[in-house]
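Just so it is clear, A, B, C, D and E label the chains in written order, and each chain counts residues from 1 on its own.
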Amino acid sequence: MTSRLFQFAAPQAFFPIAGKLIPWFAVLAGVLALAGLYVAFFIAPTDHQQGEAYRIIFIHVPAAWVSMFLYLVMAGWAGLGLALNTRLSGMMASAIAPTGAMFTFLALWSGALWGKPTWGTYWVWDARLTSELVLLFLYLGFMALKAAIPDPVRADRAGAILALLGVVNVPIIYFSVQWWNTLHQGASVSLTRAPSMAATMLLGMLLMAFAAWMYSFATAFSRVRAIILERERDAEWVRLQRAAA
Amino acid sequence: MHSFVSVLRRELQIALRRKGDALNVLVFFIVVASLFPFGVGPEANQLRAMAAGVAWIAALLAAVLSLPRLFAADHADGTLEQMLVAPQPLALVVLAKITGHWLLTGLPLALAAPLIGLQYGLPADALGLLIVSLLIGTPVLSFLGAAGAALTLGVRGGGALLALLILPLFVPVLVFGAGAVTAGLTGINPSAHLSLLGAILAVSSLIGPWAACAALRVALD
Amino acid sequence: MLETSALACERGGLRLFSDVNLTLAPGGLLRVRGANGSGKTTLLRTLAGLTRPAAGEVRWRGNPIGDDYRREMLFLGHAAAVKDELTVLENLEFSSRFSCLEISESKIKSALESLGIARLADLPARYLSQGQRKRAALARLALSAGVPLWLLDEPFAALDDEGIAQLRKICAAHLAGGGMLVLTSHQDVEIACAAAWSVELRG
Amino acid sequence: MHSFVSVLRRELQIALRRKGDALNVLVFFIVVASLFPFGVGPEANQLRAMAAGVAWIAALLAAVLSLPRLFAADHADGTLEQMLVAPQPLALVVLAKITGHWLLTGLPLALAAPLIGLQYGLPADALGLLIVSLLIGTPVLSFLGAAGAALTLGVRGGGALLALLILPLFVPVLVFGAGAVTAGLTGINPSAHLSLLGAILAVSSLIGPWAACAALRVALD
Amino acid sequence: MLETSALACERGGLRLFSDVNLTLAPGGLLRVRGANGSGKTTLLRTLAGLTRPAAGEVRWRGNPIGDDYRREMLFLGHAAAVKDELTVLENLEFSSRFSCLEISESKIKSALESLGIARLADLPARYLSQGQRKRAALARLALSAGVPLWLLDEPFAALDDEGIAQLRKICAAHLAGGGMLVLTSHQDVEIACAAAWSVELRG
């Protein structure tokens, strides 16, 4: 009975909560981004090696972090749905995927733009770049697979399996610079060591990362609301909602 | 175990009946590998540098071509349904099908690789490396490919979707497989590449069959 | 022994049936009736554990169905699970070995005979007519006397009168031996049995 | 004519229903083309020299991947049987199916080729040549491929056999298609290559449908 | 109008039947009977011009069959020729347009109604039950009154009682209008007609 409750109550309960939270996340995202950009362009010092070009870091690194993190969150939701058969989980995973793909694309794009001045080329087939590209394809594959299966329950479960399968790629992205010595830079922010970069740079990056994170919440929640409405269009509460609106 | 043996036996039996299906994969492999010089131009040095990559890409495409059929026929004629309701653990059945796939595509390709190596003028030790890398790497294609095939089962237009799902996953295999040979050619110790390939094999042998089983249950719900 | 409680199934968001409560005891025959599209196939697949019910539960010997159940159940859907490339004999050998049935050459032979296809034993299944193919799939039943529960979806379809008579005999023997049988059929074929129930599904 | 239109419309309709089947082919094309640098090594000069060959090989493999499905589904569900007993000339039906195949695979590939060209650093005029050569050459793949698909229909393991049958026929197309671009890159007039490609197109548009019709009748006897 | 002379068919080197001489005149019904594997499907496919006879000939209005014949004949084999991706309506529209039948929206709708599947018109055929799929294939008959010769292989299989009654009505109307009908069936369904023949094939 509890699982039944779980299964049927969740989307309905989540819908209004998400609706209330979205503006907050959106505003937070905006504020944090403005602060981050301010730090990035007006406070952080010019790099003595790379000049101004290094400021791409404030887009690149947060985007890369969030792209990986969102994948883990998406796979987590998907796995939850597979294990517990909760309906909201699959919708959450679907809602996160496009944002994740967007940040992955942003990381690739900003990295490529950064590569030109620093490495002299937009693209090299190095391990981190490759595995990040694989991440993009995993997001796209996840969305394509879900789109190809018309029955939403089956689509959720099939998508969940693929998402879980792809989780292996995330540690590969993260540790690839340690496992293979490549062009790309290693981690300079670590929990165990003192940060090797300037405090202002770290601050800017963190601000931007949080902004991206809040933005992800806002977009994922608004997307999940649309998905809930579509999937539950025949449910009583949606009809009431529509009647009220 | 006995269900593993009986499924595997049946796979091989059916392949034999289809008169030379395994042979087809081989010939396909050779034809694709022979196509490259046409597209790229026949300079000997360039060819030698490309040999491993070409052999590996051919192996990869042969896998992609054969994978849509891995479960489709059993799905269409109801055999898969029977496998799901049978007392046997589904994982054993899937493992048997994966083994059959590798014996019929991966293994022949690994054994035929010397042909391509010779065609492209690869020296003997690089040839050996090529075979070893194919022997370690092609099972990965079968393991991950089985998961992809199960995920796209019953999804019409599955062939192209399957390719889309698994080709990106095959990339690391290709990189390290071809990388090992190139390393050998340029005098670098290839063992790092090969051990990475081994690690990928270990991981995929665990997650591939798991994902395939789960996906099959979903497909037949 | 086989029970369902408040079973309900959905397809594409539509409730096909709900609140189906069945009990089937040894020797019992259950006919699933209903118009085209009323959900007979869906119900059988749910009983077999292939489709997950939207609500309710299937129980076997008092427990939710699981691995044990699969050992004691035989499901034949409308797809014959007969491989075109293999001969009739090889098909039967594989399917029965795969379901852990005890087989021997003479048993296999008499199974084929009981469905009138002994003559076709060495013909690749690709060449079978529709009815012959159905018989090849059904031949497994003649080896499955020891399997308590049979779930058969439209077993009489495509069979000629002689085939129907042969299958009736096999089913009656199964029931007489304490087996259980669930079947769907649009043809009303008499089957001798101790106790017969029927469930009618309506859209 | 009206049967041509109705068959073609149905082909496109079905493709649309499969949600992005055509898109899948495109993405596959791009993925395959992106794979090559992994196997072959990422030197910019070498890449530029290979660009046309790679685009062409990718187009060719996309065709090979999609061809097994050209008649298979219609065969399995009885539609093909209906097409043979229908009052319509079979040739028109086959022509419509070929057109549909090209619109769904060849055309998008030709239009997407610039992406690959840019990725590999191809100059603008070579890019134009690549598109033109693909526009002339990919219909050949559909014409000849249809014949191959019909010939291997109902033959189990047909996918690999099909590849084996048609890849050799595709070689000339590949040679002249990629050749035209290479010629353009090195300053030679590419019109000889292109007109040869045109001639192949003319021939294959006659014999392809004819062979496909004949083969379909045999397959359904 | 439809005649065969000394028709014989072989499969895999085996003679299935020989010396089949049939004549079917307008309003006539021909039942092809025989056990499973006796060659009914093969005979029907030969009549439709799909399979080439080993000996003998099929004639239509006195001539060997050709393009004219195809315009006046409708063949429904046991494969339903229904596309999973298209809806029931789209399937019917395509198949009838393809056979050069005159259609209109109202005709299509009443055809679907006459087989009881108007409700399913917009459902993709993938989701149909077996009987619903069969009905979707048969709906074309309701539009083909103008096609003189119908060849139907097991049209009653998979239909429920209501479906059988609907199909009987359609067939009877076709015959009453001077049409000809050849069918195979293991179920003995009465069809009202002016003249009925039957041919029995034996192995």
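Structure notes:
Methods note: contacts are C-beta pairs under 8 Å (C-beta built on N, C-alpha and C of every residue); 3 or more make two chains touch, one makes a residue touch a chain.
The structure displayed is predicted, hence computed values, not measured ones.
Of all chain pairs, the one linked by the most C-beta contacts is B-D.
Using the mean of the Cα atoms as each chain's centre, the chain most removed from chain C is A. Per-chain Cα centroids separate chain A from chain E by 57 Å.
Each chain gets one centre point, the mean of its Cα atoms, and the points for chain D and chain E are 37 Å apart. Inter-chain centre distance (chain B to chain D, centres taken as mean C-alpha positions): 24 Å.
Work out the mean CA point of chain A and of chain B, and you get 32 Å between them.
Annotation for chain E: residues 78, 84-85, 124 touch two or more other chains.
Shared interface positions of chain D, defined as residues touching 2 or more other chains, are 17-20, 24, 27, 31, 38, 73, 76, 156.
Residues of chain A in contact with at least two other chains: 125, 130, 133, 137, 140, 144, 148.
Across the interface of their complex, chain E is touched by residues 11-12, 34-37, 41, 78, 120, 127-132, 134-135, 154, 157-163, 186-187 of chain C. The touching residues of chain B, counted against chain A in their complex, run 147, 151-152, 155-158, 161, 164-165, 167-169, 171-172, 175, 196, 203, 207, 211, 214-215, 218-219, 221.
Across the complex, chain A meets chain B through its residues 82, 125, 127, 130-131, 133-134, 137-138, 140-141, 144-145, 148-149, 153-154, 157-158, 161-162, 164-166, 168, 172, 179. Looking at the complex, you find that chain E touches chain D at residues 48-52, 67, 70-71, 73, 75, 77-86, 90, 94-95, 97-100, 124.
Contacts from chain B toward chain C in the complex involve residues 2-3, 6-7, 10, 13-14, 17-18, 73, 76-79, 81-88, 220-221.
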